[in-house]
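Here's the structure, in structure tokens; my notes come after.
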Amino acid sequence: MDLATVVGVALGFALVLTAILLGGDVVSYLNAPAVLIVVGGATAATMASQPLAKFLKFPRVIAKTLFAKTPEPAMVIKQIVALAEVARRDGILALEGMIGEMQDEFLVHGIQMAVDGTDPEVIQSVMETELENLLDRHEAGKGMLDALGMYAPAFGMIGTLVGLVAMLSNMDDPSKIGAGMAAALLTTLYGALLANIIFCPLADKLALRSAEEAFLKTIVIHGVMSIQSGDNPRTVESKLITFLPPAQRVALEEAKAA
Amino acid sequence: MDLATVVGVALGFALVLTAILLGGDVVSYLNAPAVLIVVGGATAATMASQPLAKFLKFPRVIAKTLFAKTPEPAMVIKQIVALAEVARRDGILALEGMIGEMQDEFLVHGIQMAVDGTDPEVIQSVMETELENLLDRHEAGKGMLDALGMYAPAFGMIGTLVGLVAMLSNMDDPSKIGAGMAAALLTTLYGALLANIIFCPLADKLALRSAEEAFLKTIVIHGVMSIQSGDNPRTVESKLITFLPPAQRVALEEAKAA
Amino acid sequence: MDLATVVGVALGFALVLTAILLGGDVVSYLNAPAVLIVVGGATAATMASQPLAKFLKFPRVIAKTLFAKTPEPAMVIKQIVALAEVARRDGILALEGMIGEMQDEFLVHGIQMAVDGTDPEVIQSVMETELENLLDRHEAGKGMLDALGMYAPAFGMIGTLVGLVAMLSNMDDPSKIGAGMAAALLTTLYGALLANIIFCPLADKLALRSAEEAFLKTIVIHGVMSIQSGDNPRTVESKLITFLPPAQRVALEEAKAA
Amino acid sequence: MDLATVVGVALGFALVLTAILLGGDVVSYLNAPAVLIVVGGATAATMASQPLAKFLKFPRVIAKTLFAKTPEPAMVIKQIVALAEVARRDGILALEGMIGEMQDEFLVHGIQMAVDGTDPEVIQSVMETELENLLDRHEAGKGMLDALGMYAPAFGMIGTLVGLVAMLSNMDDPSKIGAGMAAALLTTLYGALLANIIFCPLADKLALRSAEEAFLKTIVIHGVMSIQSGDNPRTVESKLITFLPPAQRVALEEAKAA
Amino acid sequence: MDLATVVGVALGFALVLTAILLGGDVVSYLNAPAVLIVVGGATAATMASQPLAKFLKFPRVIAKTLFAKTPEPAMVIKQIVALAEVARRDGILALEGMIGEMQDEFLVHGIQMAVDGTDPEVIQSVMETELENLLDRHEAGKGMLDALGMYAPAFGMIGTLVGLVAMLSNMDDPSKIGAGMAAALLTTLYGALLANIIFCPLADKLALRSAEEAFLKTIVIHGVMSIQSGDNPRTVESKLITFLPPAQRVALEEAKAA
């Protein structure tokens, strides 16, 4: 998880805590049953909406996607252009020896198919299927965060309704009405906090990470297809460089000059 | 229905029940007319939105989809590769003898067409039409759960409005205001519970199940087309394996090695 | 309108009426100005959003779509296969004599074009344009029900705000506050009832009906194209049968055997 | 603006006014600052969301689209068939003399290109680009009405919050609480009225008008392409007539017979 | 940022300030912790939803897009037609000398490729990829404004809940209830103001700017492709002019005549 997410989530909770401390004592805001109904209820509803195997596997998928370091697009392009140079100079078979040094499995798979002389249409279709299925798995992970972000406020409201009914059924002692209302509102507060500080931002983050990975893999697909078709390294580069924003193109040029 | 859904729904209700017990007596939360208006109203509105034949058939469609066991993609791929080996060794007609052992009707239909020498484009189009229509039927089933998930809270609100009007029209005895409000809120609570613990999670589950089945059937279509075109078993496998996440690919390799 | 819609709407109102009778007297719930503002306002806003000619024609379009009996897909397939048999045996021109007996104008138009020797691409394009325009007209009808379903609760809220302002401006007699609030809430109740018992379910029903008709017409298009291309009746049937769910396929087989 | 819109908007306001008069005096409902904050705020937010040039031009675009009379599709088809007859009899160049009589600039442009012997693909692409850009301009006009329809209730809520804070900060005189609340609610009422009686219905109307114009222009494109390709007038008619609903087709036949 | 946005945002705040001054003193509306929780919370949640690098770069992307002056489409067309004239008269290589005078990098890149004799399909694909990636970057910038527009009201509600719980837990002194409620509502007010006066309008503006730039770049792509294919200047112009609304076409004609 990069710094922004850690800092953002921590900052969100710190701000709410500050607001609470400025307004009174923290004790009125702590309520174990309220935590139970919001966290437990949202988890239960999300679990009910998922096949068991997926529900158990999701946390790992999410963690992996959030923590994984995505390489810089410019670095990936540099690497592909280097491969194109070798392929041009020593023939495409020479790339086989370089596979051991590559870290991106997706690139390895593509180059391997090119080296094996696989039909270009098959290479493209296999790589695109692989990318599509990866995105489907990310989408499923995002689906769980979206569900949590939707069910947390819903169970917050359910908890508040339960509390209101309890309070309204026992209004003999008017001095307790305020405390009863306050307790009832806590679940709504918890639901809103969980949804807006954790679940919804993480779901958005996951979607951006997934888009970044799709973007990188699209560059790799274009690169492998270009190498396979025997393009000269300069053509490969000029095809791939259009994926970069102008600023990064300059950075790439400078990296090359250095 | 796999364990996650059963546990999730039960857990959801148990949590809300716990919250109720912690806050007071259960009796204040039981109200037959409130059940009637929320469950009955949501069912009536959903029925009004459906042709009768579909409304009566949906429960079965939903149950079937939720309870049906979907085979593992890796197992399906293994089976198709086995068919490809037979087709390669003994000719495609040899597959006819194996049809009796297959359990997946969709696969049987595809292989039967391939054995019959049906035109490949017709095979693909027939199988895709069949898949599309299956998805439409699932979508219709999901539509009913979505409708219930939308109308339950709506009738919850209608019940609360009916209760509020009754209470506000008879405010002579202030001591009854609290109880009246509490009773009025119960329908909103019921609507929120039904929507968030049952209808919405099941609708999501149905969509995931449908996607899983579409995914499996897409693998089968690719497999049948690949066998029909006379691909060698290794090509069939390498085409289908791209549908699996990396972890399952390893599992498949190990299963083969074993 | 098939039974489900009639029963569903009636049941919805009966349930709400029961809830009202259980809670007090019906009189508090009747309010002519509230009916006026909700029904009138929703109608006025919907009218403002439509060209006059369409607004006046919509009720008929809606009624026609809801009441029209859609034939069973299996029956339509049987009829097309019968046509294919005649075309195969006696030539496509022999179909001209059968046009008089057909009831589906869309099928008649397709067969007529086939008999006239119209170019197959033109037949397909003409039939698809016709289907598309039919769906556009249904969509427009659904649009009016959607508008009513959106504006009814909106005018319910407007009525409640008008009532609240009236009540709050005249709070001299506290004993009238309850009755004022009750009256103000009635428009919200009416808006919710109309939207959730009538407008939204009917809009959904219309969409399902439209989908059913599109489904049937798609079968007809495939059937006419198949007959036109001289397919033998068995091929026509095996192409069309994929549109049916497995259960109906069996029914079709049995109907044929009978 | 056709009658439906004028009547609908007027009726909507008349109904709300009636409800106000039935419930009390109109004076409590008039509040200049409330008008200012809702109308001004919604206009300011909409202006902030638009480039200045577009913001100033939109009213004209909207007025033009709402007031413009769209010709009947059947009349347009009749006119195109008449052109096809001339083209068939006297050659396509004979159409040049008829351009002066045509009122639809879009048709004139298409016929002019056909007369000039422009490549059919270019004609189609130029006409489709023109249609697409027209729809984009309509979409932009609708966007401003949508924005107004979204910001009016938002500023209504902002005004109510401002009023509530003012009232709650000065609760020394309880007799003024009611009047304060009433005044605070007025902005919410105004926002709801503007959105539901004017902005949202007009936005929908604009979309329908745009769809109507797109529909007409699609008929013109098909007609011009058909004339250009030298189709005989009967073919041109049978191609275009599929765009009409069955009832209008009969009307067209009768018009021809007359 | 063009005038409309500056004026719109300023006007929005001025109107709300006026409403506040009319209703009481400004002091009740100022609350540092409320600013902290709404602005800080929305920023924290948005930061958590973004990779750090993007979060830090977004303000620049947004500023650049809002402030950048987009040239008039008619001027761009005029410039491209001028290039077409030179290409027609002196050959396409003559355009190389004119590149220095051009300001639009996108046009320069396209012309450069045409001069270099790059394959037309490659030119089109490279330019379209570049446009697509530019739109993706704009979309990402809009995503941050959308997130702020969603989280600001959410943290407004969170702040109000925190304040309500504080107030309800300490209701010993009834005279402070009003002030407590007023303070609690301020965060909701702040959230609504920020979302509806700043974040949502700017997000819409960014989308319109992005569409404008896409529109211009589409004209440039069509123009470069037309020049590259050796079209004569009049054809180039008639192809591009269809992108303009009728009024601007006249302006272009007049500009040419002048």
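Brief remarks follow.
Chains here go by letter, A, B, C, D and E, matching the order in which they are written, and residues are numbered from 1 within each.
Everything below uses one rule, namely that a residue touches a chain if its C-beta (ideal position, glycine included) is under 8 Å from a C-beta of that chain, and two chains touch if they have at least 3 such contacts.
Quantities reported herein were computed from a predicted structural model and do not represent experimental measurements.
Within the contact network of the assembly, the step distance from chain A to chain D comes to 2.
A straight line joining the Cα centres of chain A and chain E is 25 Å long.
Taking each chain's centre as the average of its CA atoms, chain B and chain D sit 41 Å apart. Chain contact topology: the protein chains form a single closed ring, every chain touching exactly two others. Passing around the ring starting with chain A, then chain E, and so on, the chain order reads A, E, D, C, B. Touching chain A in their complex are the following residues of chain B: 2-5, 7-9, 11-12, 15-16, 18-20, 22-24, 28-29, 177-179, 181-182, 185-186, 188-189, 192-193, 195-197, 200-202, 204-205, 208-209, 212, 215, 238-239, 242-246.
Considering their complex, residues 33, 36-37, 40-41, 43-52, 54-55, 105, 122, 126, 129-130, 133-134, 136-137, 140, 143, 147, 150-151, 154-155, 157-159, 161-166, 168-171 of chain A touch chain B.
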